[in-house]
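To start, the structure itself, in structure tokens.
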């Protein structure tokens, strides 16, 4: 997530450099063509690039609005994941009989909460294509780590362990039948949030639209360049450059928002959110060592 | 689902060839008309095609936005189907008493999970109008295959078999009354996702809009051609061609997204999703043979 | 629901004939005025109709998008009604004790399923303002038909009969308390879908917008006609006609989609959907006579 | 709710009279200024009002779309309120043991249903800022009227009485524990719908947008008037008037839709809806005197 | 929340002063440049700023629509929080056995209701970055205040206390198992609303869009200024100023709506809402001292 304050120019430049260079080359070529073949080129009326310009705007409006929706949906899913992590621990505290709620790492409450913390980190790492094992080792006992080894979808396997523990609690009569079902409903919601994030990660935004936006932008540049043939001379180059770069930057911004789990500065800040969950859950357990919230080192928070 | 990388030019050309040819013919006819009847033709001011151009853009913006919504809803429904498939197996593992959870194909867990895998493949095939029986034979016992024979909606019949098994588990006291109802709620959600996908498959997007878009585009071409009558001569043909093809390609892209279960490259990748479910569920069963994820052979994933 | 294939020209013409005639008259009057009072008429710059044109486009974009939403919501409600009809029968099969599930029309399963089929047809007919009694007589026993006589909202009365039967099943201990509540939840959802469809039927889309669209279109025609005063002569009539008809057709298409229960070709195909439910439920009952799906006789499906 | 048929011109004129007068004055002043200072005034190119015109259109598009959403949400909330009123009575009939369902005003079913009817009227009146007591007196017993006296939010107090009655039914063992919870869920949904309607009533739509729309319209008029300085003379006044009134009427239509509980013709028809609920519930009770549906006396239904 | 009536000009001026000054400086600089280098400057055709103007409009339309959605979502979350606060107290009254519902501050009902009031104030203060302790001290007993000391997220800790009390009520058999689960569901919804508000507070709207809007506006000013080079002379300065300020004010309005928990006049009125909850809950408790609703002291309500 980009932060409000300090967006370095260099970051923006790096993102649009290839586009700028391409447009620069194109406008130089156009300039050359017009110098040598000026007489044979048509005098395109400026209404034509105006029509294309409004088509580009509408297409970009569609793209930025849909990518924003994807990005916001990703954020909402991670928000509901925070809520249900808190709910899971509140419910475990409230449902499990006091005899079973001894302090210390043997207690089912301690196990559930730490497994839930591990789950948040694990899901974030998996979505970003990183290895979740190092984080898991911090929060899980050996026995559970061994169980996870054979699973490719480790977040799902952690939910399986949650379910297994809820089953044991019911068998030991630490919770009653309604409470088991209510806890299970929380697991269902966690499973939904996980699946939703995976869906956003794995679904490619229809690529044809990017192609069409680019196609429209180049057509626009071409007709604009021909339309300006007699009026502004060499000034055309900076004009084309400025307008085209803004369009390209807009398209690229939308494209980055579309994929919020790519280990980029525009990502949903999954690690920071997992840290928030860790702090919340440990305070609910009244743990002694609470980690500090993740702070941004630069202009973004991951 | 089209993949990010390698969209072959040939694929795009095939999609718009008929439109290109039609526009080419039209602009040649216009050119001819203007040569012979030039004096009698009105000099349409270019504001008129500009107005039409912005109407086309808005109509197309509506179309691409609604078709994207249909496509995304289809993807969401298949996402919720993944979530509830996982939930069904997690719940069965967690609810059914251990005495009933023997390993091997006789166990109710094994039957539920394999029936659920079959259900995903079957629903995908039915939506695409393909015969689901070959896939069903891989995952279901003879007895259930025979039961399915008399049903036209095989996915619904599979949910019926799920319900029947849940009833038996309750009768054998392998699950209690709350657990039966909680499992039933999962079946309800599966039934909803199935019905949602069928709804998208069976509802024709209002056809009048396509007609109107085409009507606007031809009016636009006509007025633009008349408007350019004195300015750019033969250059008109490539100009009309480029602008019109982009509009047509946009309309066609939207139309393909509208129907995501048509066995086309732009489909929701239902087979790949069903495979993911198969992998997840088999790992939850700790099965020995796990299939590999479906890989794209070309520029798309089905 | 209009079908993809064969939309007859005559159908479209009938819809816009009044608009076309009005525009034709208007443009002839304008033409006459300009011939006689040409000197006194202002030369409106073409930017003015251009501004009005873009306002019309935006207003129409709003209208087509909101009417699409109404239409799609109506379709979704009928989709959820299909899902919950299936769910109701699956749940009855799964919940009711086997002793009570004898075959034949006396069985509560048979009664529930046939009442549910009757409910779908009845709701569709009521929404379209048709008499639902003939359909009800096909599916309901005499006793229930008599009960319905005194009710104006027959669909609600059928839900009342469902509830009454669920109560009896609970009193006879054919279902337990949880199952009663779970079945009741399905009735709640059916009641919601019914209320939603009635809401769409009974809520008039804000009429002022139609008025404003028409007002804008006539202003647009007026200024355009005055703007073209010197340029294109009699050619103005076909130009105005073509542009105005497209706008009017767009407005009318939106208006038809707004009201999807009007017994028109653009309706939600409630009869076809009710037939689908009938087929599904009868196959779940393993009935011997299954009706065929409704086929379109013409270019639409009701 | 405005009805489809008979929208009197006078109603529309009253709404935009102040705007029309203001625009008329402004254009006369402009005309005067141009006559006396014509030489010193700049010749604004018409592209400038065109740009402003498209900004106004987009801003108005935003406003009409968001106010429509508010209006539709209000209608949906009142729709869900109808559904849950029906559900409440269906559930009471279905859940309460037959021994407790004696006919007559002493029966809990009778009390619940009449209190629910009172609740609908009461909520409608409160939202419109009218005194709900007269309606309450028609439907409630003295004892309950006295309890309501001390409450400012009478609709909430009625839900409190519902809850109290459900508690008594449970204490008398007329309903079991699951049924109590299921009835309570219906009360929760009623409480949600009530809160939602209050939210729409009490939340002022961001006022800055109205200010900005007006600001844009006046800028547009100013630049348009200056831009037309040489072309159309006195014809400018009707042109400005027509365009500006349409924009103002659009803004005002949106503003009226925004606040659907203001006792105006564009209101959500809460009284008519409450009457529908009354008819439905009384028919479910098989009451002898059923009131007639509310009919529109004029061009709207309240 | 800004109120409908009295928006002081000074408030608006303060918001756009920096933008106005910047635009003023820029247009003076442009004016100077044009005076000295006029001959060398290109004569930009006015179509170019027109294209940029429509891009700005679309980008701003996106921004105002998404910020409105954030603002409305925040309001909805606080609405659902009102509903669930009322529900929590209604449920406690309805579920807890009469023996446990003694009047006075020792009663669990009194404790729940006052803790819920405290929770609303606390959440509002935390979201606005203010210290919630003073408000908490008004509503909570010493014992609970001490428990809160060690928690950084005090709202979550209050939900923990709610859960603990529900657990105690269940252990004392004041509520049964179903009622515990139903109360827990209300806590789950409160936890969701809290998490949702925190999500809106902590998620920065993609900053790149603001950058791009500004970039487009400056490009627009530049090209417009160059385009007007020969026509309107010094009149250019007020024209640029008026158009640019309106765009900037629009952008700033959207930005303020985006962040509805910033202790600004455009905030969601969380304190006023918490006061409403306090009044409602105290009336449900039939408390003797009911505070008055919060009244706006100025043109806004916090």
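Quick notes on this structure:
We just call them A, B, C, D and E in the order they show up, numbering each chain from 1.
By our rule, contacts are C-beta pairs under 8 Å (C-beta built on N, C-alpha and C of every residue); 3 or more make two chains touch, one makes a residue touch a chain.
In UniProt terms the chains read A, B, C, D, E = Bestrophin.
The structure displayed is predicted, hence computed values, not measured ones.
With contact taken as defined at the outset, chain A (Bestrophin) and chain D (Bestrophin) are each touched by E. Chain B (Bestrophin) and chain C (Bestrophin) have centres, each the mean of its CA atoms, that are 23 Å apart. Between chain C (Bestrophin) and chain E (Bestrophin), the centres computed from C-alpha atoms are 38 Å apart.
Listed for chain C (Bestrophin) are residues 47, 50, 54, 58, 61, 65, 177-178, 181, each touching two or more other chains. One ring covers every chain here, and the order obtained by setting off from chain A (Bestrophin) toward chain B (Bestrophin) is A, B, C, D, E. By the touch criterion given at the top, residues 42-45, 47-48, 50-52, 54-55, 58-59, 61-62, 65-66, 150-153, 156-157, 159-160, 163-164, 166-167, 171, 177-178, 180-181, 184-185, 187-188, 191-192, 194-196, 198-199, 203-204, 206-209, 211-212, 215-216, 219, 223 of chain C (Bestrophin) touch chain D (Bestrophin) in their complex. Considering their complex, residues 1-4, 7, 12, 46-47, 49-50, 53-54, 56-58, 60-61, 64-65, 68, 71, 75-76, 79-80, 82-83, 86-87, 90-91, 93-95, 98, 176-179, 181-182, 186, 224, 227-228, 231-233, 235, 239, 242-243, 246-247, 249-250, 253, 257, 266, 279-280, 283-284, 286 of chain B (Bestrophin) touch chain A (Bestrophin).
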